[in-house]
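Following this line, the structures themselves.
You will see chain A twice below: alongside chain B first, and alongside chain C after that.
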Partner chain A sequence: MAAETTQQEEASGPLQRWTQRAIQNPERIYRGLFYAAMVFFMFTTLFPFYWLLVLAITPEGQLLGGSYLPEIDLFGASATFPLPVPQGFNPAAFIEVFDQLPFHLYMLNSFALAISTTVVVLIVASLAGYVFGRLDFPGRAFLMLGILAISYFPPAAFVVPLFEAFTGNAPVVIPFTSIPLFTPPRLLNSPGSMVMPFSALFMPLSVFILTTFYGQIPDGLEDAARVEGTTRLGALFRVIMPLSAPGVATAAVLTFIAVYNEYFFSSIMATSPEAQNWSPIVGGILSFQTQYTTQFNLMGAASIVAVLPVVVLVIIAQERIVSGLTAGALKE
Partner chain B sequence: MAQVKLEHVTKRYDDVTAVDDMNLNIRDGEFVCLVGPSGCGKSTTMETIAGLTIPTEGEVWIGDREVTNLPPKDRGIAMVFQNIALFPHMDVYDNISFGLRLRDYPKDEIDKRVERASDIVQLEEMLERMPDEMSGGQRQRVAIARAIVRQPDVFLMDEPLANLDAKLRVHMRTELQRLHKELDTTIVYVTHDQAEAMTMSDRIAVIDGGELQQIDPPLVCYNEPANLFVAGFIGSPSMNFVNGTVTDGQIESKNFSVAFDPAMVDGIGPGDDVTVGIRPEDVYPVDESGGLAHPTAEIHARSDVLEPMGDEIFAYLLLGDGDTSMSQEAATDDQLLMSIEPDSNMQEEDDVSVVLDRRKIHLFDDATGDAITHGLVDVTGGDESTGAPAETDD
Partner chain C sequence: MSSDTAGARESRRSGLGVQVMQWMENLSDTQYAYLLLIPVFVLLGSIALYPLLRTFELSLFSTTLGNVGEFVGAQNYVELFTGQKDAILPGSTTFLPKNLSLTGMVQSALAVTLIFALVSVLFETMIGLGQALILDQDFYGRRWVRAAIIIPWAVPIVIQGMMFFLMFNSNIGFLTPPLADLGVLAPTNTLNDPASSLFIVIVADIWKTSAFMALLILAGLQSIDRGLYDVARVAGATKWQQFKHITFPLILPTIGIAVLFRSVQAMRVYGIIDFVSGCETVPSLSCMVVNTFLTRQGTSAAIAFATAGIIGVVVMLIIVWQGEDAI
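Entry: the complex of A and B
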């Protein structure tokens, strides 16, 4: 048997030998595929940033000055360099961004909106997650389904009615009648008009995440906390939430990033893209485009500046998430 | 410190009644065990005392307060859980001081109390450890320290030793008893392990099917069980039960009959069906029965299986034409379990003759299961009703 195999191996070509080896030792192939996939994803993720950087440090006058792929001379044979390189070097664009517009205020707006939305979402979704995850009551499945159904609505469907309501000109009426209910305050150009719809839109995801996590905390721990002197609510915030730290962190990071990057609602709720109207980062970036000029280099620089805080946040949060998972603290 | 009182407490879940009209009166400073098989409602009973479950009907009193609808935190109780339930994200100090911190005690008072509690359970060196760095016994001690640090009126312990290994369990049992002596607090203790109940408690509350069967000191439960369930549940191995019929001055069973003193037996007459109960240690080989004042007639049997335990041997006897292949139900009349001295020369498949101690034979009403008598002869006036037979010789 063994002799036969060696004979076969000797007889076959290199491809066949390679296949044979791969079948006997698939680890190598898996590892190879893993690296191939890694490189692919790294490239597709990082290339846009690189391209932004190239645009940002190219002086404004050179922006439309021809190909970003330089011809290089390889010992007589000319070739095209496969990566774009900046046409010139103008790091001042990163300062210019804050000179031309109060870009830091746009960032502050986005930060404030994202943080307040995250806080609202975490508190309300924690209560909902506690109820859905730990209590048994009639209609629970139906309510969960309701939340799921609402999260399927396209956000655009809410824009017009919400805009009308937040304008505060006419009273809200009972549907299909003209009976007025109340006249809402004018919320346009204020954080209220953005935090409220954001919270509602991003709530379902957090509710689902937290329901799963809170449902896994053993009943005994909650009972122990209650006997020791907390209320149910106290047990939620003192025991269940800390033990679900990975879930809470996940919900928080997802909500924060979603709001930080949000543009659709805020562009409408802020009637003009100005910082004092609570226009967010994307509003600021788009303001570098005027009727006659588009300052791609400043837009690129602004985008990079805007992304940095999120990168830092995710790195920190990821450490927390990983440490929370590896602690394995939930095992009783 | 306080008494605990349950009045007509009933807890129903949809169509299941977990606790059925429970009346319990636990005195101040008493150590009471709730025992019963799994699912008998003992844990639910404890949860109603703790306030983790609100009873469907009835009232719960702790001390002189009615607490039926109070949340657990306002009841002056502390609880030790079966799964220990330490907060995994807090170190030992934080776990123990959790309740005190919630109640805003001053820092030095907390320190003092934690020190004392950890001293009692011998954990002083471990205050900075996390729960997952400790062994099962240490964790359980932390849980106990967490309970005693608040100096509650009542301790509730829900099978606190169930998850420990056998050796540690015996050790913790003694520690708990010492703790009770030291603190002198009312303790309600749930267990399905009757050894724990027998050894630790002042009184045992035997619960079955959500109903209280008997609440009495351990030896009373053992010697004078109120009904068939208590008789079968308390004692290991279990009491022998044989079906019998009352005739004139005699109780006839399939393989033997015993005479009884009519003065001891109320409310039954000839023709009534009863269950005869006799504990394994009250069955004697004929040649060792010399000291018995009131033996029955000899019963002929064949030894089936011997189980040497070291300090005694359990011998399974077959009576009459007893056949081991018979079903458990049918076989009870033909089987008798006895305990004999470890130096006995009895072999398996021996023919043996035994007698029963008539003073220790229990009769139970077949219809209700209630005990009729705990002895077929009148021994009042003598001091042998609970003591060992040896005492009469002194």
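Entry: the complex of A and C
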């Protein structure tokens, strides 16, 4: 027993000393665990980006040649290096991405769809947010619950009739009757066939965010504006909305990212993955996967190019994203 | 000349505008509320409510090669649940599992969707809790760590798919050999093997959406009264005891809402499967809808409506399990 203690005290390696102190002061263990977990999470979240980069800058001829985990010679003992490394250096893939396919057009399509959806959602959700946040009327709770319930349905539950309607071959019929309403124009492969579903899909979150923000503006400010002679709508767009700028920005950022990320309708409503058909980045990346089946460097480079806008947006607007996601989801 | 007509048009429009504005001023609150909600009704009515009803209607009709046939009542649903529709589903997939073996399960659209949702939400909750506990601390560079943790959530599904496609591709995927040695993945043709592909898409989903869980749980953590920890420390509670008796019970309701929210989203899974391995390999319910809707609208609509129903049942179960405060 006594011998053991002296042995421990004599132990002088850095690890033993650290353990010794950790036993005396458990705070150090928590600190150590904390940093270990932080490094682990940072590594796992960022690693796939690193792998895209490794592939993107590996020259085409080297892609299939050998292992990405090189054997290294470490003081005589050979070991496998635990991180993949690029096999060569060829940044030209980032330019070739735009030569092989009009990848910039896919990205422009994505931006156009995301921005127009954001505008539609902001206008419609602002009106709804004002109504739910500032007015008291019969049916308010029921309508909010209805919007929430609709947001629980999977997009798959809407796609069959929407595709039918956007094809524009037959008139839209009132369900369960044979009364035709009107024949819609052919909207497939046009922005409308995507902006409309996106708006319906992502509007509920914005409605809940804006309801919270608009509800917080003191009544006095709106009343003051009205006394000054502003119309009812004017009060919303000139007083409430500017005062809730952070909330509007939050809703805008979340809608933009949601549309930019969308896969389901983006891949269905643009019936072929061509930029002329308004296919967004989903179509571009799919084309690389199906047409250039072994040019993994192009796939990596295209993905990095397409992901950059949202990465920048997250870094700039992370406060807004955090508050919006938590407010929106927890409110619901 | 042209500016004159433009001016006249302008004044006419503003004249009409003034009338509309005056009419709006005189509406009661209720009338005004419903007036402002008209765009929401139009949008949700045409893009959500009409399609839902029409999906239900279509699911009651037989279809052959794109033509809506005669009224068949619940026959599509009956055939779906008795396995008679399995022949028109892609590949060797089925709707219900043929048997309870692993092979039977991973070929069944219903089982795959439920397994995907259960496993991914379980791991996302645990990892999200870990990430939230880290982000709740004060440390230098917290802002950057938080940005890094959120980024996967913002990555487009198609690029998330590309990342995991490239990591597990049988030509260059460096992760396949070590995991195949462990027996987790099939060593060759990994992305055509149902069990391996299901594993990969679950990992991909956990990678992307843990951050979302983390943010919701973090909001719960930050609403806890810090005074409670001071009391606990004075009483001599260890960190683990503080977590077990203060933190965890207080964030449990938040976790409940987050689980509900995520389960609903996980059960719609389509994009990551479509991109990484294809619907023939990993059949999710949404996958089955997309794969059949061009030729068999009736069947497709029946699967779509059944999917909505199944999600509804799961939502109910979670709400009952958590009690009233889940909504």
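The criterion applied here is as follows: the second predicted complex is superposed on the first by the 271 of 332 C-alpha atoms of A that agree within 3 Å, B and C clash if a C-alpha of one lies under 4 Å from a C-alpha of the other, contacts with A are read in each partner's own complex, and residues count from 1 in each chain.
Throughout what follows, contacts are C-beta pairs under 8 Å (C-beta built on N, C-alpha and C of every residue); 3 or more make two chains touch, one makes a residue touch a chain.
Here the structure is a predicted model, which means the values were calculated and not measured.
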item: Touched partner set for A:Ile209, first chain B, second chain C, both or neither; value: neither
item: Chain B versus chain C as contact partner of A:Thr45, first or second or both or neither; value: second
item: Chain B versus chain C as contact partner of A:Ile315, first or second or both or neither; value: second
item: Superposed model, chain A: greater residue contact from chain B or chain C; value: C
item: Touched partner set for A:Met107, first chain B, second chain C, both or neither; value: neither
item: First (chain B), second (chain C), both or neither touched by A:Val248; value: neither
item: First (chain B), second (chain C), both or neither touched by A:Leu69; value: second
item: Which superposed partner A:Ala224 touches (first chain B, second chain C, both, neither); value: first
item: Shared chain A surface residues [contacts with chain B and with chain C]; value: 231, 329-330, 332
item: Chain A-touching residues of chain B, taken from the complex the two chains share; value: 50-52, 71-73, 77-79, 81-89, 98-99, 102-103, 132, 146, 150, 156
item: Contacting residues of chain C [partner chain A, same complex]; value: 21, 24-25, 29-30, 32-34, 36-37, 39-40, 43-44, 46-58, 127, 130-131, 134, 137, 143, 145-152, 154-167, 169, 171-172, 174, 207, 211-212, 215-216, 218-219, 238-239, 254, 257-258, 261, 264, 267-268, 270-272, 274-275, 285-286, 289-290, 293, 297, 300-301, 303-305, 307-308, 311-312, 315
item: Touching residues (chain side chain A, partner chain B) in the complex; value: 218, 220-221, 223-231, 234, 239, 242-243, 245, 327-332
item: Residues of chain A defined as touching chain C within the complex; value: 26, 30, 34, 37-38, 41-42, 44-46, 48-49, 51-52, 55, 63-64, 67-69, 84, 123-125, 127-128, 130-131, 135-138, 140, 143, 147, 150, 152-164, 172-173, 175-176, 196-197, 199-200, 203, 207, 231-233, 257, 260-264, 267-268, 281-282, 285-286, 289, 294, 296, 299-300, 303, 306-307, 310-311, 313-315, 318, 321-322, 325-326, 329-330, 332
